[in-house]
Amino acid sequence: MSENETVVTITVNGQPVEAQPGEWVIAAAERAGVYIPHFCYHPRMNSVGMCRMCIVDIDTGRGPALQPSCMVAVSEGMVVDTTSDQTRKAQDGVLEFLLLNHPLDCPVCDKGGECPLQDQTMAYGPGESRFVEEKRHFEKPIPVNDLVYLDRERCILCDRCTRFADEVAGDPLITFQDRGDQTQVNTFPDLPFSSYFSGNTVQICPVGALTAVPYRFKARPWDLTEVESTYPNPMGDRVVVQASRDQVLRYQGVDSDAVNWGWLTDKDRFSFESTASDLRLGSPLIRGTPLGRPDPGGSELVETTWRQALALAADAIRAAVEDKGPQSVAVLGGARLTNEDQYAWARLAKGVIGTDNVDAQLDDGLPTDAVLGLPRATINRACTPGGTVVLMAPDPKEEQGTLYLRLRHAVVNDGVQLIELTPRATGLSHLAAHRLHHRPGEAAAVAAALVGGDIDAGPDREVGGVAADALAAAAAALADRADQPITVILGRPSLAEAAGPTVEAAAELMKLAKLLTAGGRPGIAFLPALHRGNVLGALDMGLAPGVLPGRVTLADGAAALAESWGSVPASPGADARGILKAAAGGNIDVLILLGVDPLGDFPDRKLAESAIKGVGTVIASDLFLHPSAAQADIVFPAAGFGERRGTHTNMEGRITRERQIVTSPGTARADWAIASELARLLEADLGFGSPEEVWEEIVRVAQSHRDLSLEAIDTETDGVVVADSSIAFHSPEDATPVPHVDAYSLRLVSSRRMYDRGTLVQHAPSLAGLAAGAVLALNPYDFDRVGVDMGTEVQAISHVGEMFVPVVSDAGVPRGTAAFGYNCPDLDVRALIDNDAVVTDERIQT
Amino acid sequence: MSAPAPTDLRIITSRFDIEDGHTLAGYERTGGYAGLRRALEMAPADVHGEVRTASLLGRGGAGFPAGVKWGFCPPGVWPRYLVVNGDESEPGTYKDRLLMERDPHQLIEGCLIACYALGLSQCFLYVRGEMAHAQERLAAALNEAYEAGYVGANVLGTEDFSVDITLHWGAGAYIVGEETALIESLEGDRGMPRLKPPYFPASIGLYGKPTIVNNVETLANLPWIVSNGGAAFAAMGADSSTGTRVFAVSGHVATPGVFEVPFGTTTFRDIIFDPRYAGGMRPGRTLKTFIPGGASAPWFFEEHLDLPLEKTTVDQAGSMLGSGAIVVMDDTTDVVKACHNVVRFFARESCGKCTPCREGTSWLEKILCRILSGQGRPQDLDLLMDVCDNISPGIAWPPRQTTICPLGPSAVSPIASALERFRGEFEAYLPATAVAVTTSAGAMS
Amino acid sequence: MARLNPNNLAIAQEGIARYPVPRSALIPLLHLAQEQDGYVTEDAMAHIAELVGVTPAEVMGTCSFYEMLKREPVGDYMVNICNGISCHLLGASALIHHAEDTLGVKPGGTTDDGKITLEAVECIAACTEAPCLQVNYRYRNQVTTEDFDQLVADLRADTAGVAPHGQLAKVRQHVSEDRWAGVSPPNGQGEPAWMARNPSDNGDGS
């Protein structure tokens, strides 16, 4: 709330307390340092006032009366007494009631030691129980899904998990059942709590009723050490990382107002398992013989020393530069690294080696100028009450889980109007005010109509596959709220179409900016929704062709940076696709893979295969020996999340800290250190000996980050948003021509699911099994037209490939479109996608 | 089924003896829908005014003036709803069911008048689930009334007044009689009460919109009030408890029955002992205690018999008229068993939302059960009172509560009443050699 | 286990249309499912969830709150003996014991022939008729043990004139389309037209 709003003064235990209008008494008291015990109250959910633990004497002029402080709003002159005899007696009574049926199994309970009920009992509880009757019994822990167990005997029916499922996640699959003292939380029979967010219920459970399978019986809270950190996903979720005996055992969400409100996705929360995986790389690897002897042409990867591996890598780079010039060295990836790691590699590549063939995105993102050149939004801006969000991105529920939760809250509770401009339905569709599901590749035409207002409305008319009437209604709604912030969530809604149409659509929406500048309106801004953890940091740090650290183009920033770096590449290099094409053509001698697996992840698998084959020396720095690393000649074991220090940049440009709590396996090193060592072997001293020293250099040379000290970042609870950029967005000059889809074909749309064949998921045993198998989803009305039956296996044929896949019905897929998961663990849709075309059409036959 | 006894004044039970009083023909023949016709000739605000003038107290239990409650809707917020509370479940209470079964059109007419007065175009008639006969009588009456033009589009041919009445029924949960729980139930949810404030139905009710929740008997009075004027109604009964009221007298009386009597002037002695009403104790028996207003009410005794059936007087005497249920117990009554019976009711009917009620009522019931089975301990009687105190601090009247709704504190009434007056009967259940049972360690590791 | 049959589906859809918010029809639909199958099957709950747009778990949450909605098969006849305070004072316990002995089941149990389920229930609002009971929610007043035995005999012979468990009112509310005023969603309406009426310009009254 802004400071200008009126303040309400209340008295808490004799002390005057200033509170915000509408604030709950419990929250105002807590801010003033008066803790009121509670179990059901949770600041991020609607109050229900049902545990009754927070009842205190509240006097609004009619004498003190016991009222739930979680559901009474402050009012001027209110007098609150949390210590009166009446309050104490009532709270003691509630505590005794809660303990009547609560089992005394604290010694074997995961929550023991961090349990609010236990803490309250120790602090205020009676020494002995007056309850001599039989306790209530339920079958001991039952799974509510694959990750969470529920012990109903421990449950105190606070409604937190059930409210979370309903209000926050929108997955009301656990509910109160039965009545009175027989009430229990449960699922519908054989219908598990299938939610991407179920782990949050474990975190907010005030007793040990909900426990997480990956953490059960792993540690006692008093054995855990912890640090506050940033989970390296594009949201930059704030987390606490907890470890014991040098092993990460748990991530807990931190309630950051600006970012994740304390929530995490299950995928991120339980990915800690992969950190301690036995398959983590702990030693450098080089080519060798089956007997373990080094041999550059060897068929095996064998362990070696850092000295030898680094020397071989430096030799290969030096040879390549001497042989074919610096551009014969290319760096792919880096989005999973910290800002400091990224900077160090960028400087090594661009300043030391001299190549601009560097790209952190794998042809599945957006051009750098679209990310760094468009006005950037914050998450809170997108969620401004009364504002508008235009979703032109992959399904946030699948790819940006905590952003999905924030958007969902904004739409449901704060009247944000959501306009969905996507080629298929998303997890937010049912909440969207307007669903404009366009034909793949035709977003720009729809966006143009949306902002141009020039719509030839009427039945049977359409634009890009969207009914003109629906489009007109959305345009009117957009115009109607034009005095409130408009935020575009911008990403690649489908990897079966090129980036061009999305960028063109963004350019159309940008036309609003000019219209909206009149009258001091907040206008339009963009929130990039890209894949891979610190991809925004990578672009800021210069891990992209044509840019340098500090959000500046190579052309604009060369002169300034050359002073610090000595030199910079003369001309812009190739992007990931260009790099791989060059590699396939024999023009890349050294390919450095920074935490990426192009064979598994690059949209054009065939190109990735031939590129890796065509390169002389492949160097990989990674956590695991994924398929691409397995093909490498030199492999460096890198430090992962929790094992490294540094900073992270989220989709807003928000910089927060990543902190270390455990040591990395074996001799694995931080990526900035690997880059430094390589530089040293290439006769260049980067001059830093710690990530903090890297950061000092970043804020010295990177324009956008100038003078941003780590202290300043730490001072702010939610870090600091870097807003400056000198990069301009280039509107595409010509619209990408999109071919007509013929009457016998369906146009392909493909996007990622949360659980996939990704490296981290597959190395976290609790998550690995959750990835769903591939299916081809069609609109129910298309089955007859295409002539196939639901549930059968069909043959999908594009002009680049074909495969057999089960076909299912999905009303969220528009007619004429076929949807196929991008990263399924079994079938690889990339075999069907034509990466040289704007869109891919396919035929289906039985 | 015992017919209501004849009384001087019968307003809402006037058709109980008429064979076809529940049909449209019978209703119209006996003056039915005249109140509605009269109302439609008045400005809506004037209809509301007549109800205010009548000082009609709500007949559901709390006894709040209906005309005042009607005025609580926040200005300018539409739509508003009428919800009829026909979930009669308070032990000892038996009147709304008869009003629904025997004179359904009177209730429908009352609904229409309320809707007209308050600008409500949708009414939901929530009938208790177990009342199959009342449901079909109302369904039949509504079908007739719709076809005859009394309900639905363009009531009685007017161009501007349309009201839909939807018959809805519950599925077995006493707590749904509480108005916010009833709204939850009507929204298809578990009938768990909402905190008031903020959830006073008149401001935030059904679907979050202003909602008037009125009891069946309350609404059944409206046709008479509009036909005869609020002043005529107010002239009957006592100043602060006007009109007539229907009481059910049950238990150990000679002629149990449902009686419509002048409100506020008739005394407990009249209604229990007058041969026109319950006819006194069974032969050879004497009065031990009686519950004056449903199971939630503290018990009354011999010394309260001459109190009038008047809200304020009864409140001040430490109990309530509640839902018009008088349950009489004579000297054969085992007070401990009676007390257990009522406490068991509340324990079974607790919705489970608030900790003190969910855990406390069932604990009380278990202690009483144990005492009845001969396993009581000397400290149990004080324990009972202290548990009561933790549900209803001070065990005072009107009750204070650590809960959202009054259900939990309702379980305190019988225990406090019975233990105070008949402690010896409880002690008699304790084993002669009772020794304190060792308590188990309650501390957690 | 069954979803709603086509006939009941039509009834369900008519019912849902009477509410501004579909979920309000949940309890009536659960009664309908119970009328169809004698109890509320899981399939029916899942079907109802689809019809009103909630999850099956939410339907279960509501269904399990209410005593009349049975989630396991019960007898053809629910014999519910009132154990409220008024009936308690006039012999309910004795009647319940008699019923237990006669039927050979405890409250909550169903006779071996599947005919009768016995329950001891809280007050059913016939307090002046104690002791009383309901058979499938139809009243029997001032019940003696002899009355009870006769009732059981009639029920076993299906001659008591009581519909099988599940059916409540034999008459349903049905409104012809032209009489229905029309349901609108709970938002965006202003004050109804008739509120502007005043007696001096009463032109369109009855």
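Going by the order they are written in, the chains are A, B and C; count residues from 1 in each one.
Following the convention adopted for this analysis, a residue touches a chain if its C-beta (ideal position, glycine included) is under 8 Å from a C-beta of that chain, and two chains touch if they have at least 3 such contacts.
Here the structure is a predicted model, which means the values were calculated and not measured.
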item: Furthest chain, CA centroid comparison against chain A; value: B
item: Result of counting contacting C-beta pairs for B-C and A-C, higher pair; value: B-C
item: Chain centre separation (chain A, chain B; CA means) in Å; value: 54
item: Intercentroid distance (Cα basis), chain C paired with chain A, Å; value: 49
item: For chain B paired with chain C, centre-to-centre distance based on mean C-alpha positions, whole Å; value: 20
item: Per-residue multi-chain contacts in chain A, two or more chains; value: 176, 178-179
item: Of all residues in chain C, the ones touching two or more other chains; value: 54, 61, 65
item: Where chain B touches two or more other chains, by residue; value: 173, 190, 348-349, 351
item: Chain A to chain C touching residues, read off their complex; value: 171-179, 186-189, 191
item: Parts of chain B lying in touch with chain C, wherever the complex brings them together; value: 1-2, 37, 40-44, 46, 76, 78-79, 88-94, 96-97, 116, 119-122, 128-133, 135-136, 139-140, 142-143, 146-147, 149, 151-154, 156-164, 166-174, 185-191, 206-209, 248-252, 256-258, 291, 295, 325, 327, 329, 333, 337-338, 341-342, 345, 348-349, 351
item: Touching residues (chain side chain C, partner chain A) in the complex; value: 42, 45-46, 54-61, 64-65
item: In the complex, chain B residues that touch chain A; value: 173, 190, 195, 198, 347-356, 358-363, 366-367, 370, 383, 389-391, 393, 400-404, 437, 439-445
item: Chain B-touching residues of chain C, taken from the complex the two chains share; value: 18-21, 23-28, 30-31, 52, 54, 61-62, 65-69, 80, 83-86, 88-90, 122-130, 134, 136-139, 141, 168-176, 178-184, 186, 189-195, 197-199, 202, 204-206
